[in-house]
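Should a chain be cited, it is by its letter among A, B, C and D, assigned in written order, with residues numbered from 1 in that chain.
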């Protein structure tokens, strides 16, 4: 730890996003975890609820007090449920804290979309205007030097990294985009309900929120911006009986004749220098386990001449690249550090 | 067992389809298993390789000898690998045996499709002409009284039962069909290779044979017939870290304004009297576990006004409705018995 | 369904034991389900919470009213949580109903054991005296013709069927019995809590209630009775990341020189005519999947001359033989029907 | 990477132990991977068979040539199958290479035990004499400065770390030790066979090599040495339907009256300064997931006054602490580096 290390706090430390932030930041050379915060278990050691942290992270949990946080830390990660960040972030910003918000509250620029898809009251407009959408591979320049980053959603990350280059290149019909997404169960968080009950999910595969998931407008917002005109997409999330991992299998109508090799080249150029995006050789496809517990997003292609469609497959670890890892990537870019600092975890395999 | 019981043989008894046939037929009131046959383990008790059959099925395995089979049985199930049935079935038919073939060898009416997608030599044309495609919910009348049934593929079954009614009703653009399919690993059979290695698949989700799976032309053949013109579809199979179950999530562009309720009504009418197809109430979706170890196919819908697309979800148990259960359903219909005889297994839940 | 069919009610129909009773009884030739009962969801169709029952079981849930139950049914299964049966069963018996209780409330003959291990008030002494412990393979004669059966616990069933014969035969030191038990997660029921959260259990193996599980005194009670003197055992339950299945790996010091073959013979004789106990050939061991969704208990042995100990392995399906299947077995024996009536489900494999 | 970094080679790089070594060593500040070696895929990029290493480890696989290895590296890890190391290690030592052998070939000091339990010819006696058994927490001083380390077996590691202190302290009857072990499937390696077929293991729990596993004499060898007299143990390995993790549930008769708190104290003292052993507070038990993908061994206790037995539970990640992580720990101690260098991976949770 150098003297120049940045002191950070984590609100929502007892959620899965929070403990993943701890796992990552404990190894980050420029960061010191100054406070782990949870509204529910103040005063308890964090390792009491997460024994894997025994003898690794011995801190007790602090309460959510913006002034106190500002006295301890310069930057705060809010890994809080939707609706909580909406209220909390303006207070944190008011204290002069830098904020990286892992919730969905500040991702949608149009408040009416937020109200419609999240079923919450609109968020604070000033805060919303400050929020920079932290998909570094596309908005890294905007992220740099900012104070408030809204960290992308897990599904949106996998979908956008896979779909944005081909749309931007004008190779597909923008009205034809279909995203069939599959996620491990950890994406649902640690809260208990029948929907995450082991015996209900194990040996089971199911869809949920069909045509109604709140990451839909987030995906559309970015694609529309890249396309220059409104884009709507069909999006279906499913639950896979595994803990970590997201795959998006995406379909679009081709407007031009391209080969898998052309797409590999296009994507490699688009993501040149972007260490966490890995393009698969033509004819091979990524699997979720190949990015397990890492910050990579792997992408593969299959152009089908019979149907004149392209199938694009992208995978991420939802807890890492889909949440905590990407948040640390945003931290690095915000601070002007090398994007991959402290994030070069090799995927755990098998 | 009544005196009128039919004596059947099962070739390929040591595969997953074969043992599932045994599980079903042991409870079938009209059938007697006269011979269990395996090319590889002749003379061994079938329970030696499948201890779950101890004290339930004590037979030893017979060899593959058409004449001997004909001396013991009237009908034979061929649960053999692709390419094996092609050679075997004509010999069995020549012995006067009725045949229900669970392989893919006799599903495609156009030999060039078979050669292209299966990478095998063309099958015997006489046998192919005799073969009736045994998707009972659509071709039950043709199945009745026949001698040779080609049992549909697992993916094709889930896809066709879910997609055929809306296509036939003219409600969708036939060029817009996309089928995103997910299967439990048992669909790959019992043969060993790295692709079915536990540590490679567990906590993993992956696609395979993207735009190249041999069930694609099978689906297209039936949809084209119903539509009256050629239909091509985009089809992506994936492996889910579970043993049993298939879900097809299917997408199409709507040509007319319909509601979920309209679709429920349409499908209920189409499948009236078809006991194994269950239509979900509007706004609810099936999960694979809800048909586990049963012969049901459950179907749900989501019409999306934003994109003017419909999402159709259908689930089956791949070993049962996708293979052995459907084969017994074909047996029942062939013989003029009630379609559900011996097949009313309640799904195992949880 | 013959006219002579018995009308039964199921209290606790919305638990896993309850729906398994439904799955079994729907196929039972002598039984009619007259009422499905749940304290929590009265008036709702049972299929609303369990869509796998759509079009199979269309009943709505009745409330818990002993008089009303008595007007509809002759026998009632109480698949209720511990503590609930204690209060309910005396009322049901008072209405002249036959009762098979799947809870643990009436298994321990000594009230002080119940108070100590279950942390509940003592149960009604009159009811307790009427209760016959329904481990049919050992107490079938006592079960016959009775009105109130206490159905054994899942762990106790696997442990006792595996350990009782060798203890009764005097071949082991009764002070040396150690039972290392492993269960699928469905044994914990459908209630939600962090202990059954998918992401906490998947890819995880853990112990719980070490030396403190309430099935310990149940096992000891039976072993003590067979031995003629008090026996204490060490018992450790563990959770396996799977839904169904229990294995007990049991250890004891041998007092005599015996071979695996001797044990196979001893057990085959002890369980002669007992269809649901299957003894493995010497040198082979059972796996939980080999009894999946069936009523079998498979048992194997390994005598170790180096240590002069025997290892006994027994497996059951916890929801079936460990709960609902055994309850129906008790029903059959109570009523004087063939023990296996309606219970000959072949294990689902794979 | 400092100039003082050690060049190492990995023989068996395409096995699970090999790729885990790569994952660890890529982050090790003192080590440079000079050669990845595999007998089977010479010349191929290692990432071809392990796409999770794409863009992370771009090396191609070298052949097994001791002279060439010696020209590139100073130390070699042999993550080779049993029987292969036996032949290879003497050649590597002859070239002046330091060796850390992850196979079982050089663990048993008595050749006749090796022949009996491993069913191989005896290994080279000179090499065997040089081999130091690398259980650092017990033999760290012997490891330091040595040239040839035999890395402990996965089961043996979990068993010994949990059982050695209480035996050494004289608190248990040495004839009473029973070890009931459970392992994730990755312990079986990447080789394909029916025993690691997904559909056979998923939703299944089974025992194997009961009283016949080759880690038994390894455990006995160490316990006997600590006890000063021969100790025999009963050992049962089981397969859990998960990829990583081992739990040993161990039982012994107490010779003295001790409390859980006493044991916590005893173990904390025994393992003082040993960073990778974590002792659980009295009354709590470790779960395998709490050490996932890390080098920790967590240990908990339950003294049972009723039976006068103690139950000890220890967990490790079999691929990490049970193989590659422990090998790197041995490397660190051999070289005189801090034991935990490059090994402080926080467990991946969930």
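In the analysis below, a contact is a pair of C-beta atoms (placed from the backbone, for glycine too) under 8 Å apart; a residue touches a chain by one contact, two chains touch by 3 or more.
Since the model is a prediction, treat every value here as computed from it, not as a measurement.
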Distance-maximising chain from subunit B - centres being C-alpha averages: D
Pair sharing more residue contacts (C-beta pairs) when A-C is set against A-D: A-D
Whole-Å gap between the CA centroids of subunit A and subunit D: 36
Subunit A-subunit B separation of Cα centroids, rounded to whole Å: 39
Rounded Å distance between subunit A and subunit C, as computed from the means of their C-alpha atoms: 46
Junction residues of subunit D, two or more chains touched: 16, 184, 186, 190, 199-200, 202-203, 241-244, 286-287, 289, 292, 350
Complex contact set, residues of subunit B against subunit C: 16, 19, 22-23, 26-27, 50-56, 186, 190, 202-203, 243-244, 275, 278, 280, 284, 286-287, 289-294, 298, 319, 344, 346-350
In the complex, subunit A residues that touch subunit C: 16, 184-186, 188, 190, 192-194, 196-203, 241-243
Residue ranges of subunit A touching subunit B (in the complex, touch as defined): 178, 180, 182, 184, 199-200, 202-208, 210-211, 232-234, 236, 238, 240-245, 247, 249, 251, 285-289, 292, 302, 304, 306-307, 309, 311, 313, 315, 350
